[in-house]
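Next, two complexes with chain A in common: one pairs it with chain B, the other with chain C.
Here is the complex of A and B:
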């Protein structure tokens, strides 16, 4: 009986497994293999063994390190800004106040738009001549603060980060709201009966019970930020002068624009190793902490 | 029942005839331009004249097109006919054995088109593409009414040009609109200044990495200085390095008259016709001004003698049909007339007889008067070097590097590339 059931399970999941192996698992060793070659990506072109030269160029490539730096900046911002705001909003929309359902929906809107749409929308908002931000600044008499937001390498990366936060905060809000709805009401009731204040309830009851959700969010934020691509590709394409470059975009450019598949693969493998090891470290750190189970 | 059988028969016949048909897939980047309907309708006519043949024209947006084509080429599933800009990128495909040389059409090509039209697609004596869009130069486009209102003459020299810019600025008009996020619009200035200072031959030798010629030389350093001078005087709008040409951020300034000039390729005319037909009569063009004591010929252009080329892949199953389609397309008088009416000067002999529009005719004059047309660096060069060039120029515009550094960075990349 058991055997039969296992067989059925296998048969039904086989298509998914094949696709997963072929498109997700196989490319990892393949990329590692390609990273030791100088190759333009055409199967008809020769693959010239290059030893470690791609890896040497990677570590010497100042543009790559600029990209990595931006990724780490994004990790920090995601964890220190997006998750806390997401948490507060999650708690807020979980309260029984009037109109919260509507607010929840409104806050969730950015998450439902496509990244390309968001990118184009904000490109126009940031437009120095016709854009909303500079128009508002001019209107309230702060005309000297108007700026070419995406055109100045000093402000470009922050301007994009603002949009990334705007896009992803609702995502964390929903995670936390969902986690909160799973906490039994009795715990809050008990806290109230014991005379806990609002902040005491938040820090002593709500927060500890959200540990699992926070952990999940942190890891999602970590991986997502290290592999971030979409909005930067749409809004700045890594410019001006590499100020908003990120690793995934650089990988894409090297492999698909400059015909350097070997080097592109090297970046991909590096990203994979980095994301994997950081995730493992984070998980380990969390395991040391106490877990609250409901 | 009988009706059912008849329907089945028809369905069967139709599907079998589809299976017998020779299907030719064409990929181009004409998603919105005036060329889109031209080729679409030419394909329909071709199908009508040649029963059993089917043409699938797929329009893909410019930058995604480049990626998609590369992946398809790499995977061995490219279209039968694809669009190319010639130069270094096309050469990469040719070296990988992906492109079919048009030797069989040689005599016809030479008789039909202007001879300079094949420069960007000729490698080792073979022609690989047919110029399908337009002779293209980058010109200064200007708003006649603004020039007239402030009593401004068309500048002939660089110092005249600087005077025009400061005069416009004094009157609260942004002299030049520029959207330089994609980097190629800014590159026009650098290419032109170098050409006007040093001349076509010098530039060619530098780009071909000939011994004794380098970016680290007076002409290129001076070009960088003059470009930065223009930035520092405020000739461009704020934040130009972050604006996107593709989404119209510089064109909007030009259309609304907030800025008076824009340096752009011939394709701008088609865009104006579509996007701002109300200003079409207010548009004039002039060639990039000469630089005092420069060695370059002020009639020369930076551009392309064909711009978009159509090439056949080696993977095409029916190459004869593909060639037949291309040949038909360029002998199809309706297609040619429509293309020219849209402002696309396909460089076939006798194109002038189709021209009626004064701006297009002026473009053709400028093009015919040019002794040399320097192909856009980013198409002329291998993709890697083209990118270095564009990044360097964007940094020059952003005043982040000095002209000397710009020259050194480009030369270093060239030396490294050619030492391999």
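Here is the complex of A and C:
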């Protein structure tokens, strides 16, 4: 029907392609290029060829490995804690009980708030002197448990993780609620007529039907795990003593605080390669899973 | 399914527990944002404010948040209009012309979906300084639009691809140009998807922090999250005023959510689920 289809496609896509190539694709080889130099990022300063020295430093940098470990920890906890709770809440808000629609709306609220606002709010909740948590502990007579939650290397990462749960569990909840709404009611009816108890229905009917949603959530947790930045930047800045460091934050600090543009780029490239491999692996797993289902 | 009384009670109790965990931090926030500093330090965090002390709000606004609010509105709206316009044009071309080159473009966009923006951060900073847009609102728009094009194009493409051919065939015979078909036929049909993606992109722009942190420096150009962060550095001693600032920064989206409700959830999820 259309003439000159290639040409027309090019014209219509041109603005998007140009912006995308310029600001999103071009930076990828640029980062790779910078990773072979020592440079402070200022045009007036020379870029000194550094061979693979940035890469060698990266693999020797214990702080970097601490950051990588924290990223990994956050994925594991996301999968083990956030997804199960999200699933339970998803099932809960999908029951036909009165008020659940409103409850679902309220649950989702933290999801759309800015990381900076959330981070600052929780900083005041955790505050050792006038924070909410310590005030509650004092009030119920557990004053000896009060703590500088974000200031202690032992508790900081867990305190951050609670906030991550607070923000993202509703997200998983909606995934499961959406998946459940797509399941025909007859299946549950049939289980009930056959005399299944609620827990039997949950484990034998609901859970197997949510396999796909569980897989999707896991993939999103995996791929999203490299994106942690603003919340941690605001709450702890990676401290105390790097106990809450994550890769994106370390990359930012190296490049924009210590002016090690080359080294920062090296971390960025590492993150890129990691995300690429994660994507390819999950894509493969996802395809295989789908083949079995259909 | 029928629920026994016991089960109902258990379900409601669990629901309330999560409700408290989920919402009490926000109630704490609003309550204490209306206390004087003295009252905040001398009363318990859960006591209601003795009277509505709104000076915190006016002070927070005077302290730089107003500028941030305006800047955020400008950047969000301009980026949103641009990304929806150029994104939908590209999606239209890829979905309807079905040319070879279009397939290539689609793959290019899709492969950007899981790329962490941090890989672009240093080069974008250097490019922005090089072209003289550092510390201007204009400097943010390019990276904002580019980073949300993958999701935007993918979702719009998926929707536009399912529109039956018959819709445009008649128009082509009547001599309509490709742009007219895009603007008059395909775009209006895709409106629900356009709204869903638009919500996702808008929330993303409104809350965006990393690019703003790297590409802006002076108070006049700060967006709201950055202005809030900066206020924290300067007035962190006055907690109630900071809390008021946080409320101000969160309020626009909460209000929008109050109006759009399910639509907003759908939009946010459409963007996040993409694949």
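Here, the second predicted complex is superposed on the first by the 265 of 294 C-alpha atoms of A that agree within 3 Å, B and C clash if a C-alpha of one lies under 4 Å from a C-alpha of the other, contacts with A are read in each partner's own complex, and residues count from 1 in each chain.
Everything below uses one rule, namely that a residue touches a chain if its C-beta (ideal position, glycine included) is under 8 Å from a C-beta of that chain, and two chains touch if they have at least 3 such contacts.
Quantities reported herein were computed from a predicted structural model and do not represent experimental measurements.
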| item | value |
| --- | --- |
| Clash-or-fit label for the pair chain B, chain C on chain A | clash |
| Contacts of A:147 with chain B and chain C, given as first, second, both or neither | first |
| Contact breadth on chain A, by residue count: chain C or chain B | C |
| Touching partner for A:240 - first (chain B), second (chain C), both, neither | first |
| Which of chain B and chain C A:156 touches, first, second, both or neither | first |
| Partner chain in contact with A:44 - chain B first, chain C second, else both or neither | first |
| Chain B versus chain C as contact partner of A:256, first or second or both or neither | both |
| Chain B versus chain C as contact partner of A:116, first or second or both or neither | second |
| Touched partner set for A:132, first chain B, second chain C, both or neither | second |
| Contact residues of chain A, present in both the chain B and the chain C interface | 41, 43, 120, 124, 130, 256, 261 |
| Chain B residues touching chain A - in the complex, by the definition given at the top | 66-67, 70-71, 73-76, 92, 95-98, 180-183, 237-244, 247, 249, 252-253, 258, 383-384, 387, 391, 394-395, 398, 400 |
| Of all residues in chain C, those that touch chain A in their complex | 1-3, 7-8, 11-12, 14-15, 18-19, 21-23, 25-26, 28-29, 32, 40-41, 44-46, 86-87, 89-90, 92-94, 96-102, 105, 108-109, 112, 114-116, 118-127, 129-130, 142-143, 145-147, 149-150, 153, 165, 168-169, 172, 178, 182, 203, 206-207, 209-210, 213-214, 224-226, 228-229, 232, 239, 242-243, 246, 249-250, 253-254, 257, 261-262, 264-265, 268-269, 272-273, 275 |
| Contacting residues of chain A [partner chain B, same complex] | 40-45, 120, 123-124, 126-130, 146-153, 156, 236-237, 239-242, 253, 256-261 |
| In the complex with chain C, residue positions of chain A that touch it | 1-2, 5-6, 8-13, 15-17, 19-20, 22-28, 30-31, 34, 41, 43, 88-89, 92-93, 95-97, 99-100, 103, 105-117, 120-122, 124-125, 130-132, 135-136, 139, 166, 170-171, 174-175, 178, 188-189, 192, 198, 201, 216, 219-220, 223, 226-227, 229-230, 233-234, 247-248, 251-252, 255-256, 261, 264-265, 268-269, 271-272, 275-276, 278-279 |
